[in-house]
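Chains here go by letter, A, B, C, D, E and F, matching the order in which they are written, and residues are numbered from 1 within each.
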Amino acid sequence: MRILVVNVNTTKSITDSIGEQAASVASPGTEIVPLTPSFGAESVEGNYESYLAAVAVMEAVRAYPEPFDAVIQAGYGEHGREGLQELLDVPVVDITEAAASTAQFVGRTYSVVTSLDRTVPLIEDRLHAAGLSARCASVRASGLAVLDLERDPQAAVDAIVEQAVTAVREDRAEAICLGCGGMSGLAERVVDRTGVPVIDGVTAAVTIAESLVRLGLKTSKVRTYAPPRPKEMKNWPPA
Amino acid sequence: MRILVVNVNTTKSITDSIGEQAASVASPGTEIVPLTPSFGAESVEGNYESYLAAVAVMEAVRAYPEPFDAVIQAGYGEHGREGLQELLDVPVVDITEAAASTAQFVGRTYSVVTSLDRTVPLIEDRLHAAGLSARCASVRASGLAVLDLERDPQAAVDAIVEQAVTAVREDRAEAICLGCGGMSGLAERVVDRTGVPVIDGVTAAVTIAESLVRLGLKTSKVRTYAPPRPKEMKNWPPA
Amino acid sequence: MRILVVNVNTTKSITDSIGEQAASVASPGTEIVPLTPSFGAESVEGNYESYLAAVAVMEAVRAYPEPFDAVIQAGYGEHGREGLQELLDVPVVDITEAAASTAQFVGRTYSVVTSLDRTVPLIEDRLHAAGLSARCASVRASGLAVLDLERDPQAAVDAIVEQAVTAVREDRAEAICLGCGGMSGLAERVVDRTGVPVIDGVTAAVTIAESLVRLGLKTSKVRTYAPPRPKEMKNWPPA
Amino acid sequence: MRILVVNVNTTKSITDSIGEQAASVASPGTEIVPLTPSFGAESVEGNYESYLAAVAVMEAVRAYPEPFDAVIQAGYGEHGREGLQELLDVPVVDITEAAASTAQFVGRTYSVVTSLDRTVPLIEDRLHAAGLSARCASVRASGLAVLDLERDPQAAVDAIVEQAVTAVREDRAEAICLGCGGMSGLAERVVDRTGVPVIDGVTAAVTIAESLVRLGLKTSKVRTYAPPRPKEMKNWPPA
Amino acid sequence: MRILVVNVNTTKSITDSIGEQAASVASPGTEIVPLTPSFGAESVEGNYESYLAAVAVMEAVRAYPEPFDAVIQAGYGEHGREGLQELLDVPVVDITEAAASTAQFVGRTYSVVTSLDRTVPLIEDRLHAAGLSARCASVRASGLAVLDLERDPQAAVDAIVEQAVTAVREDRAEAICLGCGGMSGLAERVVDRTGVPVIDGVTAAVTIAESLVRLGLKTSKVRTYAPPRPKEMKNWPPA
Amino acid sequence: MRILVVNVNTTKSITDSIGEQAASVASPGTEIVPLTPSFGAESVEGNYESYLAAVAVMEAVRAYPEPFDAVIQAGYGEHGREGLQELLDVPVVDITEAAASTAQFVGRTYSVVTSLDRTVPLIEDRLHAAGLSARCASVRASGLAVLDLERDPQAAVDAIVEQAVTAVREDRAEAICLGCGGMSGLAERVVDRTGVPVIDGVTAAVTIAESLVRLGLKTSKVRTYAPPRPKEMKNWPPA
């Protein structure tokens, strides 16, 4: 099967890193296709950039010329998943929800450790809308920007571990979700230093997307995710 | 003061109608400026179109060359308000929230009557995210598409009244919100036939926007709505 | 239009202060009529006094001999608003709800800073009953009694600022509501020292009451706020 | 021990009926003292009357000249219990909460069957505030006014049974609370015709009040129910 | 009447202590019959042991040869109460729920102080399932194992008091529930040192069980607690 | 990898059916080991039987002599999963939660169609405890007992389809979970007749268990699922 893994940032090196991470858990026979949006912010850290990414991700998927079996939206707390579900019959998996959903199977509660404080509300809102907030102990910010994660992975690990340890002790989290697509690849080191299960959204999403395909499940089309009605679109998509 | 009232649909006649409705309750000295997005769907009825409208509304506001005091996003249940709040210091009012917030002052519970069944989940999600769902008795669909409202206002009134009456009787609503920007102007006729207060989001939003300006309030910038960080934007905005 | 602004305390100087504050944001053509109850506690700080104030406010409004267009109940977290809504067709606005409802338009979350610790539960309960608690980050007490606010406004500002700053930092509030009718007039100084929007319930309520009147909205009479049924009242109202 | 059972209505025959009902389950050695407020509505069916009853009940208790061990407020969904708790050290039991709390021990869910439709919101709000709404399946109205219950007990039983049966079948209630002080004495007949446990608030409250006294428990005074602070009361209590 | 009080632990000395505590508040004419399960853990502190205790308690009750009027399950946060309710017509009272339900009558909020940290989630889940969590301020662990409570009651009191004081100050609890059957008998000493009402689940349960019997209430059999259907049981009960 | 799939019923033919269903989606290299408990009810339909099954499932897993990588508890709405998680380091997946978690990826809401009405509350409670109830539209009963499903699969499909169609139309479900281990194998026929995604818990659980193993995740041991403390067990396990 072929799974599209779409970065929400327009920074190609993040796409590469996400793609490698995704490929590392893919089953034999699964082809991972990493995509970078053709427009938008180099890193998505707030609502304006996130709404733009939502649209850019949808256009990137629409522009992909080959058939595929599932799509992963690789942004943590970002807008847009419902739009993709309208456009497609195949399963769409958001990494925020993939991580939370997976975490709930290995701990009674989970916390998310994300990048900047300003992205905390976005993640909280997405988890709430997805019906996955009841067992969320907290969403905590490491204080590092998305691009900082790439530049200094060791500092990233340290900052994430600090918040993860606090989440376990004070917020009573029993598992940790790495709340940023750019954190893919750091999970193992965080496990070593916290002793609790650590979930990376990208790899979790790959296993979920594969599972949905294996189960023969498609996105429900009876109401929320029904295809857009035929209508006139003004000046869109951009040339 | 000057208030921008931004349609989410690219249909100019809807913008005109919204603008007239807004002007009808504006205080002396308030200038209503109706805007139509430069790209997007002729009518917004679902997530794909709504995400696109979110971005188009933001670009329409960014492109507006004159100073202004507040912005109204005139789409019911649409995405995007948080993005505008990041971009602006002046108050931003979404008509979905304006209607609900107003309804709660005149009835213990309220219901929303919207256009198509597929837009019900979007409205429910926005009310939930806005913290305004606790007293929402129901969101009901009239079954009429946005553009049908324009074409046959009498049929629209009939369909809305039918749902409103059911909402009052079965869902125990005590007030009704007209859940579509295109319904602006129908409120009086629905009041006559239901006997409960009927709230139109556009006019409610005008009074709220004026109130916020008069109170000297601006959007909080400490976290969620902090301005976007300076960063490289790829291929955006479109030429 | 004429708006009655009813103090819940029987201290006339607080009524004067509330009246001035209300008048400061009233539109040209709006007459503010401050009222003091004829019986009850000099300051309302708890349930016994609050229930008594609820009844005293209702009687004060019933005794007012001239027509009016809206009523504001100027007590924070106090009982009684629903009773007034039964007695009247015109809109009734409680300042607790006016402040919260307004705060939600300028911040994702808000905190209330009130007077004594013992009034915190009353405010929490009112916000909950009004469906406005989902985005309430916290209700905090400054530790100052209602009458202390009048006696030493500078100490009041200091105590309120301390709690407001904690609310923003620890409770993640993005706006602050001044949780006491007697705090009217302190908002500007709290803004200067916290940098977040500060909402005073009295002024917020004036703009909301005016808005409801301008929109032609009246209290719904279909169920909760239907007029009392005709029946025999024993020894009431008091001579 | 001596338990005051305070009617919220000023109709003496209802007080008598409540008193008899209370006495029927009291332990040997428990003296039931029924009280009627000295002012207020002959029957309480709405917020205005309920707020007035709250104050009248408090004054009736304050005026009672002998010592007592507990107080029962015998009105369903009425305001005021928190005020009594401030004034007294001895336990205060509201029949709304007594019935719900008892029902939860014998059924997974319960419904309340009350008198008029307009009292449904009051009961819902009280259960919510008391933290007893999670297992409330519904609050249903029989359509009979409080005084009708006295006038035609057989019609009352029929109307209550009809709603109770619907609550069990459609709302999935497993127990029924009789939602009106005036329904005391009808429980047995409703049991016979529905087959589910039926709880009368007055008798439930007597056993709870006795239990609290036997356990040596008093109302907590650390915050919400601390005694009113000493202060000047204007024109109160009435001569 | 005869009430069975079933320990969840297989340690006989705890059964004795629970039985004495229960007898201390029983009415004249009430016979308390303490039972110890014939299999299971010496002390129940976690899910595996708790599920086993659930079954052992049910078998202990089934094996009791005489008639009885009510059953108390004397384990805090343990599984099993619903199973007993299926097997019996007489009321079944869980001490976790008895304590919470009682606490709510004397304080606006309550906290539970239990033994080990690992039992906190069990208690939280039971309170949630029982619809009694809305006013639960916190569940706190003293850090002492069940058997430690017996060995060193003074250390137990100290550890409980420390958590209780923190619950009142920081979590805003207004009453304290002793969250372990083995804590029976310590209530008075905790009251002396905290000044808030302290509820012991065993004694609270005795008064509730007596109340239910006096009110003539039985467990509802319409759905959740209907008797098990006749069917083949393999190798059960154990010889 | 090796996955134990443990039936909750002691009926061997159901174990066989569950095992076949599980094997049908297992990856190459995954060995499915179906287990039948050595004691308990032939079919589990209520709390007494479910608590017994919880213990029997745990003993069946403890008695299994070979190493394994994950365990699936194949009972819908049954007790016990937390106990298994204490006993094991490897992932434990409950089919109730597996189905719900999977359904949320393909529909905004889901309904469960189960066997008897009396099992509805158990399923609701499990979903609630698992934090998966926010998007559950309803739990509906087909009215067929577990063993009836085996005896007449066509009647089972008809009864399930009827409830599924009602769930989609009236409860606004967008996906259906088959709420009984014994329904495994009926999914395809229900899909054909409803047009919405249908999720079977057993197959969903297999893909989730495999995913957790592939991601290297183990059950968190920091609090809720820490191993039982060493202690004396009386008369257990049975000889």
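Methods note: a residue touches a chain if its C-beta (ideal position, glycine included) is under 8 Å from a C-beta of that chain, and two chains touch if they have at least 3 such contacts.
Note that the structure is a prediction, hence the values are computed from the model and not measured.
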Chain of greatest Cα-centre distance to chain E: B
Candidate from C-D, A-F or B-C with the same interface as E-F, over half of contact pairs in common: C-D
Chain separated most widely from chain C, comparing mean CA positions: F
Centre-of-Cα separation between chain E and chain C, whole angstrom: 44
Whole-Å gap between the CA centroids of chain A and chain B: 29
Chain centre separation (chain C, chain F; CA means) in Å: 52
Per-residue overlap in chain A, given as positions that touch at least 2 other chains: 108, 121, 223-225
Residues on chain E engaged by chain D in the complex (per definition of touch): 25, 27, 91, 93, 97, 101-102, 104-108, 130-135, 168, 172, 174-175, 195-197, 199, 203-204, 207-208, 210-212, 214-215, 217-220, 222-225
Contact set on chain B toward chain A in their complex: 10, 37-43, 45-52, 54-55, 58, 79-80, 82-83, 85-87, 117-118, 120-121, 125, 128-129, 145, 223-226, 228-229, 231-236, 238
